[in-house]
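Down below are the structures I want you to see.
Look for chain A in each of the two complexes below; its partner is chain B in the first and chain C in the second.
After this line comes the complex of A and B, so read on.
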């Protein structure tokens, strides 16, 4: 990435020729020696990128602008624009009495789900990389929560958690672990825990497979050398496996933070019957502001949406800065 | 390391050394223990969905009975026939298929040239484009849903397949470009240069040389996009107002309302929605690991 800005435009390649290398084999040779890849004229590049740019600008950035636009308007309860609100909607979001709770929930939700998912996935990926009879079936089983729609899984867990009819309470009581059923989704001290369990459950498959892929990419001879040198399994894991898993860990963390932060169906469905915002994250808070609260305030919801976008950009941006994304991707 | 992974994606579950027939006893015991562990892991992941299948075979009142029973009191198989004969359900299924297939086709057609260009060429703005893709990855349609609604409302596209297809395509593009970029990058330069020396155009190189080599990446990107679009919820919930235009994920909710609760139908519909995706995933399970290795784990 940094190369693109430092390499000076080459007159031979800037002529718009489709494949300069075929005409200049000697230069191609030099490039290969340097590990470089072909320079192309920006216009040619633009043509190849045009469809992607159109889609991104038209359906990601334009709605983002519309969202910003909406966040600066004042709306009636039916969604009609009444006039300009300036920054009023932002002030209303910042002054919302439940904002503190919602932010705290968001932090707990993202940190708990991502951290537990990563730790469990490291162990499970290690296990699923070993060979044992039936491993293929176990891997298929692990995929299922990934394949199932989040709404379906959430709806299913509403029933599994149910106070009266839920199989989880039934089993726990049957095992004698609890005397009374637990109101997993209604009792304030259990709701977040119950949601985190589902969040981890649906995040595991993807993360496990990223880690299996990462483990598979570790050359066998490195491990053998370490074993010959007398490293204990724990030393091998800590000093060799984990450092070599760095790219996989990075990908899994970034993508999980993004997915979990933006996750809507789990919280929305499991928390459906509870009034107010006591267990909402910023995403469901935003949705409820526009579509479910007494406020029915499109402008305020849009302002909350802008906060969400900025929040995730900043968090992931800081993370990528720390782990130096540029270094990892420039190749 | 990464060059080898793309040419021959790592397949940890390829043919395994079987060991000799006279395995020592502790080793066999260890394998047995691991197999038991495997059953437990599999059970943990499958159990909720087993309950779902069982619930689809109960009567709706049996789903909510106290105390709950593991097996249905009456096995009610005709819920499935009922669902598959229900015109509403078939409409939802149709929407899901059209939207998922349409989004996937667009994503693949758009992502291939972009990934090929950025992976194999240098030009001013390349870094900026890749950053833009990364930023898109962070945008979820959920946080933009108000903006999306207003945009498609202006375009008079509320309640159209087109709106959902474009949205799903746009928000899944980043991941597809990311994966394919990794695959293209890890193909040895010599392969491309040989084709260029033979006089192939850039498009010819892409079509005849590069694409066949990135097949696992293409499969991964295709399946990922299809599944993401198939399972999308919030945008469809907001944009699709007519009942017959809703996709499965949204339409299904009609089985449970304040007035009537058809839990059996809800879960039968869920099973029908989940099974094809699980099969798709199982089919590409080998590619999945290879695809993620070369694609995102470099």
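After this line comes the complex of A and C, so read on.
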């Protein structure tokens, strides 16, 4: 496998600078002469690292410490800290009667949105990387759901789904497919489905563009060689395109899992009419614990927040483990 | 090599993603650089966090108010207007970070009084103002014998009906009893064409408001003296009646999951025969001029005299070193008839003072509310437990429509008795 400098989307590379950057110089340095790196004065090195360090300290570490601190406190409904709660908040979260439902919703939400997004994006990226008249406009159009604020998109879908005036029900009824309107957001059997549709809709643009870039990075000569050897289109796709797309697939999956897991506005907006936690994921659960539910407890919510971070780290860790394992065994 | 490098990249991305996620989550924490003054010294600048009642009027009023306040007293008032969606979260964050404003405008106060954060009326409210505030509101603003919850404005609910639909269905006058209401709802629903008899919002936005109106008009209460009465026979009867309306399809689809705003929209579109509304809804209807509507007292179960459900919001004063005088000057100015009543009129709500009631009397449209206002029943806002019970009601009351009314109310009663 070529190391093909993974198709990293720009914002991510620059934001995640901590790790990759610190490794790059050692490779580049070796080419030029290994000794030089060590000769930089530590103060100078620190100066160069300062922005990144400040970012990590200010944006990651400080809030994390505050969050942990809050999770160990006992808070009044007003937000006033009344004392230390020890691990009490964690116990309360774990003993919450709706935790099971919330976790199940989270799994369904993340797996469904990411899986459907990936499959659809693979197809759409294939289509958008072919040249056809007006391709540029179609590509622009695809970006729009990404560019629009999630709250606005969600609110728009609330209108589309509406029971009384929603255009979706209007069209379905007009076509004679249904007699009665469907209560997309209020009927328990439809709510999750309706939210997943929106989740996929907003995740598509980013994923499609990652895949378009991935497709563009596949060398033409490999394809040509395969064609000359008489491989059918399906064989070419399965044995060449997909394996070469693996870095892109991996990035798209990991980032989408994180984004979708952390997605707040879609679920919060589409689910706001439903009482209780029947359709909440761990993220909206955390918010409701702090501000909407009868618990109204900042400490408990912070504890739930800690669980969220641990959960996503574990999930991503497991995923990477599986990917590496596959790579090792495929050699 | 390849694989370790790649996983390093991905790990970096993962961390970046989490960090970005964390950024998105924490709103507003840093925006409250406040005017917390030095200890003991008199504060010259105080901060008001006000709720946004309307885009057009709230900020305009408070900005003008701050100017007058500065001219008259020499103190500076920093105004921050926050939407209702966020104000709870923002105020909680401010207090958590020890950056409470000097004055906070919110729909609850008792928990803050319980936490010892507030000035009571003896410290910051001029005596003349206190005696001018309507007795009902003083009563519900008093926690453990002291008056903390100073009302900024009030509203009272009333029964709205669509005259056009009533005429089409052959109904001559608004119902006086629940039996009549049910019969009327049947006639309106029978008109077909998507018309619903009664728009019943029991979704999490405001279900305690809707239910209060019903239960007060069945002689029920949330709390009687020191005892919670959420699952009293009267209240179970009330919720059972609402369930019946829903089961007979006389309401809009899925009332347990309809928020108040959606019910209002339905009424504004002319598709709902009846709804519980308040003066801002009337304002919106007058502006649209689409629906010919009438306002009447809410029907009672047995035909006895109608009661109304009143709501006030509060302007509460936080104890902070050296801000007492400035805060007192604030209330002195706010409760001047030309200030408070101007604000209330612009926002389309109801007065909180006796002078205000007199001044508003001249408006015939407000008569139906003003007559009932002095005797309005409120939810037990003077009990800090209610602040949590209210949330429990919002989240769970709808369950009584799809499931058992008695079990739902029993559970809420238990929540209240356990202290929320």
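Points worth noting:
Here, the second predicted complex is superposed on the first by the 279 of 331 C-alpha atoms of A that agree within 3 Å, B and C clash if a C-alpha of one lies under 4 Å from a C-alpha of the other, contacts with A are read in each partner's own complex, and residues count from 1 in each chain.
The criterion applied here is as follows: a contact is a pair of C-beta atoms (placed from the backbone, for glycine too) under 8 Å apart; a residue touches a chain by one contact, two chains touch by 3 or more.
No experiment lies behind these values; they were computed from the predicted model shown.
When both complexes are overlaid on chain A, the residue A:187 reaches chain C alone and has no touch with chain B.
When both complexes are overlaid on chain A, the residue A:313 reaches chain B and chain C alike. Shared-chain residue A:223: touches no atom of chain B or chain C. Once the two complexes are overlaid on the shared chain, A:296 sits against chain C while remaining clear of chain B.
Applying the stated contact rule after C-alpha superposition, one finds that A:151 touches chain B and leaves chain C untouched.
In the superposed model, A:75 lies in contact with chain C only, and not with chain B.
Measured by the number of chain A residues touched, the leading partner among chain B and chain C is B. In the superposition on chain A, A:273 makes contact with chain C only, while chain B stays out of contact range. Residue contacts after overlaying the shared chain place A:258 against chain B and chain C alike. Looking at the shared chain after the overlay, A:231 reaches neither chain B nor chain C. Across the superposed pair, chain B and chain C both touch chain A at residues 1, 3, 18-19, 56, 59-60, 63-64, 70, 164-165, 247, 251, 255, 258, 262, 264, 290-291, 298, 305, 309, 312-313, 316, 320, 328. Chain A makes touch with chain C in their complex at residues 1, 3, 6, 8, 12, 15-20, 23, 56, 59-60, 63-64, 70, 75-82, 163-165, 181, 183, 185-187, 247, 250-251, 254-255, 258-259, 262, 264, 272-276, 290-294, 296, 298, 305, 309, 312-313, 316, 320, 323-324, 327-328. Chain A contributes residues 1-5, 7, 9, 18-19, 21-22, 25, 28, 32, 35-42, 44-46, 48-49, 51-53, 55-56, 58-60, 62-70, 124, 127-153, 155-157, 159-160, 162, 164-167, 170, 201, 204-205, 209-210, 212-217, 219, 247-248, 251, 255, 258, 261-262, 264-265, 283, 286-287, 290-291, 298, 301-302, 305, 308-309, 312-313, 316, 320, 325, 328-329, 331 to its touches with chain B in the complex. Partner chain A is touched in their complex by these residues of chain B: 1-2, 5, 10-13, 16, 31, 34-35, 37-39, 41-43, 45-46, 48-49, 51-52, 55, 63-68, 70, 106, 109-111, 113-114, 116-127, 129-130, 132-140, 142-148, 150-151, 166-167, 169-171, 173, 177, 185, 189-190, 193, 196-197, 199-202, 205, 227, 230-231, 233-234, 238, 248-249, 252-253, 256, 263, 266-267, 270, 273-274, 277-278, 280-282, 285, 288-290, 292-293, 296-298. Residues 2-3, 5-26, 88-89, 91-96, 111-112, 114-115, 117, 194, 203-205, 252-254, 256-259, 262, 266, 269, 271, 384, 387-389, 391-392, 394-399, 415, 420 of chain C touch chain A in their complex.
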